[in-house]
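Written below as structure tokens is the structure these notes are about.
By letter and in written order, the chains are A, B, C and D; residue numbering begins at 1 in each of them.
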């Protein structure tokens, strides 16, 4: 983490946001839609990175935070008939509650035990979704009805099913989370998180309540992931238990490691990379997972710190 | 069914689960303990063992026992060789960096799974047990083969324990686990130990799979559950503790079997998972670990 | 005058071993106190109990008139007890500046919030330890002696009332030791210093009073001269000492 | 095991598969290359493009393969007979990984990149439900072959149809009379603890009650379970019929363990063949099923009274009298479901012809034309049997088969009537805007 060049860092991030904005008008329909989805999932990855990259806590249970947002927002619309903003808030609220409870319990452990405990709580969460199938739709999941996915702003109403509205909403969420992440990372609090990652015992002896700081990080991470989940439910109209399965806990870890842990833009890069590798290779062969696997291994051999992480290490030391 | 027989049945079922789980988890524990590598592809080595068992028994034909015994020897060897190659080509070059190895083993998972799908296919295929003997109890019938799985697993675990505690190989492995740098300084070929441990870990998973495949079929997606359960067993049992791994496997297998007597199945799974998670929360070093290192 | 720190009946067991055994201890404000004793005498365990890194098995600790026995370490740090590690424990991957900024931003929290205030505090600590020109190096690239100084700078940035130094001169060159003695004297103008030290010349030059530990108990306590002449101490060091 | 060369037959399996795909590729042409869209051709001669959302990987892969084979056969037959509205049919396949998230992306890809005319072919319910919003938003007619009750429940949207296979609620309802009359009145249900199982859990008890039977116990098995014996003690002793609908790779274990548990002294067994699709009924351990009964959509084994249409269909798809791939007896098909692909494509053909369909701008017309359909006569286009279609709930209703396992084969012992499976429809898609 470098102290210098805040202007450069902010310029870069605003540049990326501008680029994504401009791309909205240039991309063909398919990639336009795909990128909207990638931005929402990149938010999930950013939430994961908050905890894994900056605090060094490897969780295998983040699907539960994503699903908390997904179901919080989805069920609020489907079962309670709430409006889109209220449902989004409900998703965030669920994210806060779940991450607070899980944080209080799981943070009693460290290292691999933390990894396994989070995985098991996520498994419980997943099974609970199946158990309460009457309300959650179980493994089939539920559709968020199209007429309900409208954002009313005073006189105007925006249909979230409209590709442009959806892209811009996704971009808005992505931008907010990206800038918030950047601000957190560069703040005093961000410095404490990194210190905990580097040496927790030492940080305690410098007067920091590391437990509370870690708990706050779990909750921030949980909120960001829940925001991604809530946005997914409202923008794409489906809630289902597969998003709570362990696969969706491994995916953000993979995206973050690919893009570069503890880099603010790494999650986006990693998610983009993974999506495009799958999308392109699956067009050429039905055995595309083979190619994905080989790509992952090659990438990690030549970019052991992830794409952006390795770039930062070798060339651009100022990257946040 | 009355409570007693029901409990007996649940316990037997739990023990079969435990027997297979203990072997699989021991493999993961060795890799985890000695190399500090989180091997996400461990479940795929398990799957590979089962798929190869099917291939070998089908190719050999004749009496089921013949093919099964061949599979029990050949399948682990092939899987071990594959693991060794993977270790040489990938993990070693990554310097066993914990994060990079996670990505790399996820890559291996995809590759192995896809190869199994392409060459073996998406169907679940059965392997005939070496013998079919139904033990008739007064209250229910039970598979004789299942009981033999428990025995075989106990035998293999004892053998592994002897190797680890009584032989030079075991000593070298323990020394490397304790402190790889010092071990290196004392002339232990740490690189080769790592290769051997990774292969051995995969072989244990493959053996477990060959044992279970006459009970539950070979399928290309069968690796995920053993992986997750093994992780849990390894952590609950305490890193690198053979005794802990076995006890944790028995505990998890039995609790899974017995809790299912009292609750609806999904609820039973929820309670069992939550219980084990709570054990870990309030005893993070595992049941037999001392202090986390 | 009231003591800054007192312990009463302080004990700590590790398994069957009693590492600190029923220690009554008092430290006056402004003092430089050295704690000496043979290896395994319980010195580090004792200061770890004081700093809160480990919990006592029995006894109580009073700091500045309040019972801090059950307070977690980080609260004690905030109340003014700073601890520098025996084994160098700086953040190797972070810059020297960032290492010191971490404690500095804590003490600035209640005062000025501005970035410049933190910066000023960091630079003051770095200048006092002579590390100012290395502020932007990664801490891991500092020489061993400089890393020891960085430990002290981190302690200083906490603006402590009690600074605990655990074997600060270990591994330092003679020239570095002289500078270090000057530094501690200067620190002692604003803070009380509790020093674990093996290097007897350093102890003799710095300490106002010396406490000698042996087998988890206080063997003797007094001025450097009194300790030098104490027969029991000599026996502990020359006779039963390992 | 009968075949000693099973393992080496694997390569042959791969070959047959590839050969089958070649038929597809011939039709699909450049469509298989991603992003390659031929705008330039005049619409009149350009092929009609059907996006096939296939379970090539993931838990549904065994089905996906046979759905592809059946589709290829149907497209070949349609093209040979002049195509649809004089245009050839081209199939573009995308893998959805049997994952609802990816499923929705694939529908988006068909709509915006491949610009297909319709999307077709999904089986697994969660993928259907996950993809349905994307179909609705893209105004993309989406023809599924899933047998789930989701379409008929009218919880999806106006663009989703299931005209080729009866939904599971109707299937269950038409099974109940036979079970109560022939197998027994005290029924214990064992079903997977997820939505497919819930349809059975919810619809069987009332249907059985209407016939004087009773469900005395319901045992839901968690989806991740791989061993079942521990649940069997929950089966009440007075059970006359065990009604089982387990699916997934663990089903062989289920049957085998049931056999070990009961031995020869077992209750009657009635199951849905979903459990054993793509699985040889003569696999070791399945002996226990001898004499038990199964629901089948379309019979796996050739029957003595098969219609000419059924025979022609089996030949076209390439399955032998035992329901396995011609030339590879180990490669067992998903015969009970895959006929739905064939029949759905012919429904699409009929609807497109009725609508005078020219291109994506006519999709709304295609939806209305499909809704206007009422019945499909048995014949080469509908070899499984006659069906009625309810345009309001977008669901067809056909006859069902009950087959007995006898001498290592499944023999149809009862065929239900369409009326047996009709229920009161709730909701109406046609009131939704297009």
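By definition in this document, contacts are C-beta pairs under 8 Å (C-beta built on N, C-alpha and C of every residue); 3 or more make two chains touch, one makes a residue touch a chain.
The structure displayed is predicted, hence computed values, not measured ones.
Asks: Tell me which chains count as touching both chain B and chain C.
Replies: A
Asks: Could you tell me the least number of steps, going only between chains that touch, from chain C to chain D?
Replies: The least step count works out to 2.
Asks: With chain centres set to the mean of the C-alpha atoms, which chain is at the far end from chain C?
Replies: With centres defined by C-alpha atoms, farthest from chain C sits D.
Asks: For which chain is the distance between its Cα centroid and the global protein Cα centroid smallest?
Replies: Chain A is the most central one.
Asks: If you average the Cα atoms of chain B and of chain D to get two centres, how far apart are those centres in Å?
Replies: From the centre of chain B to the centre of chain D is 36 Å.
Asks: Centre to centre, by mean C-alpha position, how many angstrom separate chain A and chain B?
Replies: It comes to 32 Å between the two C-alpha centres.
Asks: Mind checking the centre-to-centre distance between chain A and chain C? Centres are C-alpha means, answer in whole Å.
Replies: Computed value for the inter-centroid distance: 43 Å.
Asks: Which chain D residues sit where two or more other chains touch them?
Replies: Within chain D, residues 57, 193, 222 contact more than one other chain.
Asks: Of all the residues in chain A, which ones touch at least 2 other chains?
Replies: Residues 127, 130-131, 288-289 of chain A touch two or more partner chains.
Asks: Which parts of chain B, given as residue numbers and ranges, touch two or more other chains?
Replies: 114, 117-118, 266, 269
Asks: Name the touching chain pairs, would you?
Replies: Result for touching pairs of chains: A-B, A-C, A-D, B-D.
Asks: Quick check: in the complex, which residue numbers of chain A touch chain C?
Replies: So the residues of chain A in touch with chain C come to 1-3, 188, 191-192, 194-195, 198-199, 201-210.
Asks: Would you pull the chain A residues touching chain B in the complex into a rising list?
Replies: That would be residues 105-106, 108-113, 115-117, 119-121, 123-124, 127-128, 130-131, 246, 250, 253-254, 257-258, 261, 287-290, 292-297, 299-301, 304 of chain A.
Asks: Applying the document's contact rule, which stretches of chain B touch chain A when the two form their complex?
Replies: Going by the criterion above, the answer is residues 32, 38, 40, 90, 93-94, 97, 99-100, 102-104, 106-111, 113-115, 117-118, 224, 228, 231-232, 235, 239, 266-267, 269-270, 273-274, 276-278, 280-282, 284-286, 292.
Asks: List the residues on chain A that touch chain D in their complex, please.
Replies: 28-30, 32-34, 37, 127, 130-131, 133, 137-144, 146, 161, 236-238, 240-243, 279-280, 282-284, 286, 288-289
Asks: Along chain D, where are the residues that touch chain B in the complex?
Replies: It is residues 1, 3-8, 10, 13-14, 57-59, 61-62, 64-65, 193, 219-222, 224-227, 229-233, 237, 249-253, 256-257, 260-263, 278-279, 283-285, 332 of chain D that touch chain B.
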